[in-house]
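The structures come next, written out as structure tokens.
In what follows, chain A forms one complex with chain B and a second complex with chain C.
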Partner chain A sequence: MLLATAMASIFLRDLFALVMLFGIFSLLTASFFLNLDAPDVAMTEAAIGAGISPILMLGTLALIRNTSAPRVKKTIRATMAPILAVTITGAALIYATLDMPYLSDPLAPAHNHVAPRYIQQSLQEIGIPNAVTSVLASYRGYDTLGEVFVIFTAGIGVLALLGFMYDASGRRYSQFADTASLNNHTILHVISKITIPLILLFALYVQFHGEYSPGGGFQAGVIFAVAFILYAMIYGLEAVYKVVSMRVIRLTMVVGVLLYVGTGVASLILGGNYLDYGALAHDPVHGQHLGIILIELGVALCVASVMLSVFFNFAGRAAVPPDAMEEGDKST
Partner chain B sequence: MIVGLFNYWIVILMMMLGFYVVIAANNLIKKVIGLNIFQTSVFILYISIGKISGGTAPILTEGVEIYANPLPQVLILTAIVVGVATTALGLALIVRIKEAYDTIEEDEIYLQDRTL
Partner chain C sequence: MSHLPALQIVLPLLAAPICLLLRKSSLAWLLALGVALCGLAISIVLFHRTLNGEIISYAMGGWEPPWGIEYRVDRLSAFVLLIVSAIAAVTFAFANRSIAREIPLQKHSLFYTALLLCLAGLLGITITGDAFNLFVFLEISSLSSYVLISFGRERRALTAAFQYLIMGTIGATMILIGTGFIYMMTGTLNMADLALRLPGVMDTNTVRAAFAFLIVGFSIKLALFPLHVWLPNSYAYAPSVVSAFLAATATKVAIYSLIRFIFTIFGVDFAFGEMPLQVILILLSIIAVFVGSLSAIFQLNIKHMLAYSSVAQIGYIIIGIALVSAVGLSAGILHLFNHALIKGCLFLAVGCVFYQQGDATIDNFKGLGKTMPWTMAAFVIGGLGIIGMPLTAGFVSKWYLVLAALEHGVVGMIIIISVLLGSLLAVAYIWRIVEAAYFNQPEAAAIERGEAPLALLIPTWILALATIYFGIFTQLSVDAAMQAAQSLLGGK
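Now for the complex of A and B:
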């Protein structure tokens, strides 16, 4: 199934269908991850791959007003060269797999270095049952800090590319037209009013119960953002700006990263190493709990606000009438 | 052997499909989707390495001895979120390219660059 959808993406020329197919592909991947005993990863993939990325791609399609790729006549050389390159690379990689350990072999090198320690010691050292959360937030806190910075940087990049628009007199362009063409859909309005609070509640559950069940800052942040995006899609951007304005989102984006960095600095000041939460409280396990809660909160804030900021930038640009956009581009 | 290495072969096949789309597609959005397929194949590679036969999800409970390896799961969990952030950046670049060149077909952009 997975391969079939991936294969179809080569031949599809209609970009709209392609994006929808990509959503299905991601959902299949998520169920595959669940099969491989990775519920945390499956949850993330389902929320992101089947939720946010298709929305962003559709937003791009709306902006470029072009939903089909034209058929291009290619020379034989232009067709054969990529196929040749792909076949050779693939053959080399398959040859290399002959040395790899078999699937789900418990003696594989990957399972015999640090993994046993994470599984056997983390309950005493960190005190939370979800090993994925304790590795993510504590043992590999530096990695996660790096990832959060990458997300933050990407958010700033999108903001710089699409966010700022000026009108002819040089003022920041901020008048968004109402994107809601769905005002007459009563069913959508009623259903969304029922489901959006539940989505928000579920996001909070994933956030604060992430130490005991699958979940954590990354998933919660994404689910939180999805609730707002759904609201924006049904009621228009104006309605969402009344709840969270762009200014608030930019602020929470920074606060999220600073909370993470600040937790590390706090543990430095209290006499531990950077991001060594044991120093945060008298009892090291208590300190670990506190530290993990703080940085998961930072991660969730940063992820949610970056996702929202990216979506608002795409949707806000689509909402600006084309003539205003040209004027705005001249003055930038 | 065929059953044991099956996961790698699926991953490689998918990786090569994504790779082919990236180098052969002319449309920039198709390229981004190809890149995403490539990326997903790497995710599957890592998660399938973390699987242990007879194991369960790495949430420590009483009476369970074998767990899947949590480390690859952590790496991929964060990689997925980073992946969507970078995809968004790529899409934003495509929007700007469309505004500047009025096309998202690679050969037309190349042609316009050459005639400048």
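Now for the complex of A and C:
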């Protein structure tokens, strides 16, 4: 299935269908991850790959107003070089699998070095049942900090490239390009009114239950943002804009990352190493709890606001008539 | 004091989001500059502490390695940290006036945020002792450098950034695949721990493939021929400060990571004994020297020219590393340092020209010897450094490179000949500018515009003077490079 989807997406010329295929590909990958007993990763893949990235790609399609890839005659060199590179890479990957430990082999090195401690002792050392969250948020919490900064940087990138299309009051965000048609769909209105609160509730559940079951800040942030995006698509950007303006989003983005970095700085000031949550409270396990809740909150805030900011910047562009857009380019 | 390794990275990470909230350009600049100067101070202290061979280890989150992430400062990483933060301090000082004419005002705080993120990413790659953490910070630095390049004034900056993004992402993916493979075979991500556990599983296809993926990935990042295609346009269309900052640091940090993986993690015996790495690297580097230098001669845009010259200079560094002798490796590391200074100086000088003339094609340089004497003098010093004239830093590293090559018989002779020819070609491309600047009459408009402001000249001259200083008083840089090379090769 995965292969078929991948092959189909290479030969397909209709970009709209291509976006859908990407979504399907991600969903399949997510089920793969689930099969491999990695529900946390599966959830992230489903939320990001199948949830939000097709929406962003559709937003791009709405911007370029062209849904089929142009047929370009390519030189032999231009087609052969990528094929050669892909073939070599693929061959190397297959070559590498020959000596790999078998799937779920209990003797595989990956299960026998650092992992046993994570599994056996994380409950005593950190005190939360989901070992994945322990590793993500505490043992390797610094990596997660880095990942949040990767997302933050991506947000900065979109702001730098697409931002500044609105005036101070944000008046230019009138409507998502195609929402005029959606505005009159009663069914969509009713269904979205039922589902959006549920989505928000689910996001909060994923956020706060992340210590006990799969989930956490990344997934929750994306799901949270999706609710807003759904609302924006059906009721227009202005309606969402009344709740969260670009300025607010920019602020929450910063607050999110600062919460994470700040937790680290706090543990530094309280005498621990950087991001040593144990220093945050008298009881180390209690401190770990507090630290993880704080940083997960930071992650969710940052992820949700970056996703929203990316979407708003795409959608806001589409709302500007083409001639106004050119003016905007000149002025920026 | 014991938290200095963490602070080195956390300060720019902390400052970057705050920068986004600062509406005033000058405030954002002051914050960025302040952080860069603090970073420089920290890296000097770290460098000083590692001089006697001490290895500073810092456990992130208080979890001892290999369970947690370790920051590990040894001689080599302290040296590279020093290079990156010194260049950052100088170029950030240059930024304020320079971007005033290149980037619209409302984007300035975003620009400084991206700049700080890039700095944090580059320092993070250098200081970490964890293979996956390296990848995370590589992503931060790459993403922010794509953003920084896209700030360029011309719309071609966008295509350049996009091309870099595609190439860079492929490189990063390969690095991730390689890291995944070695984790799969060893169960650890800590570099020191990997070095202990890898020998047991060396003789497997998976480790060999991992090695290949990592090498190719880093070669894209460091722009080794023929994977350099992203570099010239990116450096040419980026804002002047960004060109100077990235040219002097980004490829250097990628080279550092390559050295780290080859010498610390996989070990010399595996990398050069079992894998045919030496032949490949030396061959490609020699081609890089020629292709880079020859292309540089034909460029009309001077930033393009300097970018191609970087491709050639990276060739020299990799030749030094691939010789695998103590002298060769230290020549490589030394040239990494010297080239950062020289290229930084050249790009900043071009930045001054860009500031005054509005562009940096060869025509813009006509008669500048008279109208912008200080800028051109700095450019000439940098140019002499690139050529490798005695009394400049460029000479010292090429000298050691030749010394190292002498130990290698026929191959060594070929290397020496290509180094000499490469230097001759460098004379050709630098001379074109000198001729335009000193043997032409300035245009009336250029006379009116006059010399670049002091705020731009001072950072440029700091690097120009450093180029001369490290060409005459070589002890500091040569000792640091020598010792770093020796500890990499196993000696104390």
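Points worth noting:
Note that in this section the second predicted complex is superposed on the first by the 302 of 332 C-alpha atoms of A that agree within 3 Å, B and C clash if a C-alpha of one lies under 4 Å from a C-alpha of the other, contacts with A are read in each partner's own complex, and residues count from 1 in each chain.
One rule holds for everything that comes next: contacts are C-beta pairs under 8 Å (C-beta built on N, C-alpha and C of every residue); 3 or more make two chains touch, one makes a residue touch a chain.
Quick caveat, the model's predicted, so the values are computed rather than measured.
In the three-chain model built by superposing on chain A, chain B and chain C fit together without any clash. When the shared chain is aligned, no partner comes close enough to touch A:T75: not chain B, not chain C.
Of the two partner chains, chain C is the only one that A:V261 touches; chain B does not reach it. Look at A:I83: by the touch rule set out above, it reaches chain B but stays clear of chain C. Here chain B and chain C are compared by how many residues of chain A each touches, and B touches more.
In the overlay built on the shared chain, the residue A:T186 is in contact with neither chain B nor chain C.
Once the two complexes are laid over each other on the shared chain, residue contacts for A:S122 go to chain B alone; chain C is not touched.
Of the two partner chains, both chain B and chain C are touched by A:M100.
By the touch criterion stated above, A:A110 is placed in contact with chain B and with chain C alike.
With the two structures overlaid on their shared chain A, chain B and chain C come no closer than 6 Å at the level of C-alpha atoms. Comparing the two interfaces of chain A, the one with chain B and the one with chain C have residues 89, 93, 97-98, 100, 108, 110-111, 114-115, 118, 140, 143, 147, 150, 154, 157, 161 in common.
Residues 2-3, 6-7, 9-10, 15, 18-19, 22, 25-26, 29, 32-33, 36-41, 44-45, 48-49, 52-53, 56-57, 59-61, 63-64, 66, 69-70, 72, 79, 82-83, 85-87, 89-90, 93-94, 97-98, 100, 102-106, 108, 110-111, 114-115, 118-119, 122-123, 129-132, 135-136, 140, 143-144, 147, 150-151, 154-155, 157-158, 161-162, 212-214, 216, 218, 221-222, 303, 306-307, 310, 313-314, 317, 325, 329 of chain A are the ones that touch chain B when the two sit in their complex. Looking at the complex, you find that chain B touches chain A at residues 3-10, 12-21, 23-27, 29-30, 32-34, 36-37, 40, 43-44, 47-53, 55-61, 66-89, 91-96, 98-99, 104-105, 107. Only residues 3, 6, 10, 13-14, 16-18, 20-21, 58-63, 66-69, 104, 106-107, 110-111, 113-114, 117, 120, 124, 130, 132-133, 136-137, 139-140, 143-144, 146-147, 150-151, 158, 174, 177, 181, 183-189, 197, 201, 204-210, 212-213 of chain C touch chain A when the two sit together in their complex. Those residues of chain A that touch chain C in the shared complex are 89, 92-93, 95-101, 108-115, 117-118, 138-143, 145-147, 149-150, 152-154, 156-157, 159-161, 163-164, 250-251, 253-254, 257-258, 261-262, 264-265, 268, 272-279, 332.
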